[in-house]
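Below are two complexes that have chain A in common, paired first with chain B and then with chain C.
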Partner chain A sequence: MDGQTGPRWDLLLVVTSDQYGSVRFGTVRRLIDTALRSGHSIQVWACGEANGLTELGPAGAGHSPGEGSPAAGSRSRGGKRPAAEQIGALAAGNVGRFTWLACQTCSGERGAGEHVPGLPTPSFSDLRDYVAQAAKTVFIGGA
Partner chain B sequence: MPAHVLAVIDHDCPGTEDMHDPLYFCVGLRLQFGGIDLVLRGPAVSSALVAADGPAPPEGNGARLPNPQRYVRSLVRAGVRVWVDDADLAGLRRDGQVLIDGVRTADTDAMAARWNEYEEVWFL
Partner chain C sequence: MQSVDTGNAVPGELHAHAQLLVESKSPPGPGTVSRFLRAARHLAATGTQTGVYLIDDGVDYAVSAQGEVAWVLGAGGRVWADEVSLSERGIKTGQLAPGVVVAGLDAIAEQLFDPAVRVVWH
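What follows is the complex of A and B.
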């Protein structure tokens, strides 16, 4: 965090499950697209199952909520998950307006591998700072 | 005096040891935000119910409560004020079930009038 005191991001979206995050990544993708299209900045905090969305690795390795199905969480032939490719491209193309935060604490608990390069990997203990720096926080995770 | 943060859970908690479980996330939220209050509504009320004649296992003796009940008890012991909706409780409580010690009942619809006393309200 850069120590700013006021909200620096318009929206912080907290995603924790595959209900809205990975198997149905389209829900989150639409929210990101809508925020960006309307001129707002957005950060997505990915905890729990959603943490695996940006995980990289060899095809078929590791765990994925979407493995065995054509879901966004499953890996493509090249080893990346489709969601990871989308998120990486979105972050690269919208610097300062979109960031995906892969919770490092969840990565550790889940034994996750590397995430998409360049994405911040804050600890869960940083969540409060990110909430403070967002004008609005929306939690859409959950079981 | 209310805590800074109110957490509201109104759906079933599977009890997984992962942040996608709302009660597990709530334990993390308390660590992050300090004082929080928690309201359980709808199916989430079951997470605060235990068998009246069942053992009350002390920590660490190997007899474990199911995770949802364990998380609720842990939050209560940490000083979190936990309410369950009284109308939902009446519909969900089975014979022989009691609330976990320290859990209170309330008309949680009426509690909505006090949401503005909190800095943040999280719907988990």
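What follows is the complex of A and C.
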């Protein structure tokens, strides 16, 4: 946390639905694009399957991110997942307007590997601070 | 893209107590009723400015002229259906229940990011 007062981000989107971390990742991507096009800032807090989207660990390590969704989670020939590439590029190109928060608590529970470099990996105990930094929080629910 | 008409709300002006309910799940089955959309109906009927955005499998509700969507509209709420989700499922505009408006995510961005509009995503 940087000590700033008042909301720093327009929206904190907490994705706990496994479907939105796999077969429906496209909708999350559209939400991010909508935020950026409309001049807003957005943070995505990624739990569960969504947490695995930015994982760079070896195949078979931990869980199976994006399982059932070749478009989101399966690996390209280069070994990276399309979603990881998209998220990493978006975050790098929109500093201060978009970031993807790979929940460390979820990563630990699932035995996940490293995430895309540069992405914050807060734990659940930090969630309150991120909520406080956002003007608005929306949960996309799930398990 | 043109922004969604939010009824009495003035674009850019805070509209306290407005509710945007996002339905992403399909109807649970024949003979069942969506409690989520029933809640939307009651919010609208009791004077809360209520909008329902149907997305992903939730657009299945948009084709029924007699069901929950009609209740929401009849109670004074607004109902929009995501154009991408409709297209992905091959649902044509002519199949939509009267009163349902096709809208992309950009069209609801103002409500989505407005701190005065409470958003629940189901």
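In this text, the second predicted complex is superposed on the first by the 130 of 143 C-alpha atoms of A that agree within 3 Å, B and C clash if a C-alpha of one lies under 4 Å from a C-alpha of the other, contacts with A are read in each partner's own complex, and residues count from 1 in each chain.
Note that in this section a contact is a pair of C-beta atoms (placed from the backbone, for glycine too) under 8 Å apart; a residue touches a chain by one contact, two chains touch by 3 or more.
Treat the numbers as computed from the prediction; the structure is a model and nothing was measured.
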Check the residue A:37 against both partner chains and state whether it touches chain B (first), chain C (second), both, or neither.
second
First, second, both or neither for A:141, with chain B first and chain C second
both
Please work out whether A:103 is in contact with chain B alone, chain C alone, both, or neither, and reply first, second, both or neither.
first
For A:85 in the superposed arrangement: first (chain B), second (chain C), both or neither?
neither
Partner chain in contact with A:49 - chain B first, chain C second, else both or neither:
first
Identify the overlap between the chain B-contacting and the chain C-contacting residues of chain A.
139, 141
Please name which positions on chain A make contact with chain C in the complex.
7, 10-11, 24, 27, 30-31, 34-35, 37-38, 40, 135-136, 138-141
Residue ranges of chain C touching chain A (in the complex, touch as defined)
24, 55-56, 84, 105-106, 109-110, 112-115, 119, 121-122
Over in the complex, which chain B residues touch chain A? Could you list them?
11-14, 16, 18-22, 25, 28, 31-33, 120, 122-124
Chain B-facing residues of chain A, complex:
16-18, 47-51, 103, 106, 109-110, 124-125, 127-128, 131, 137, 139, 141-143
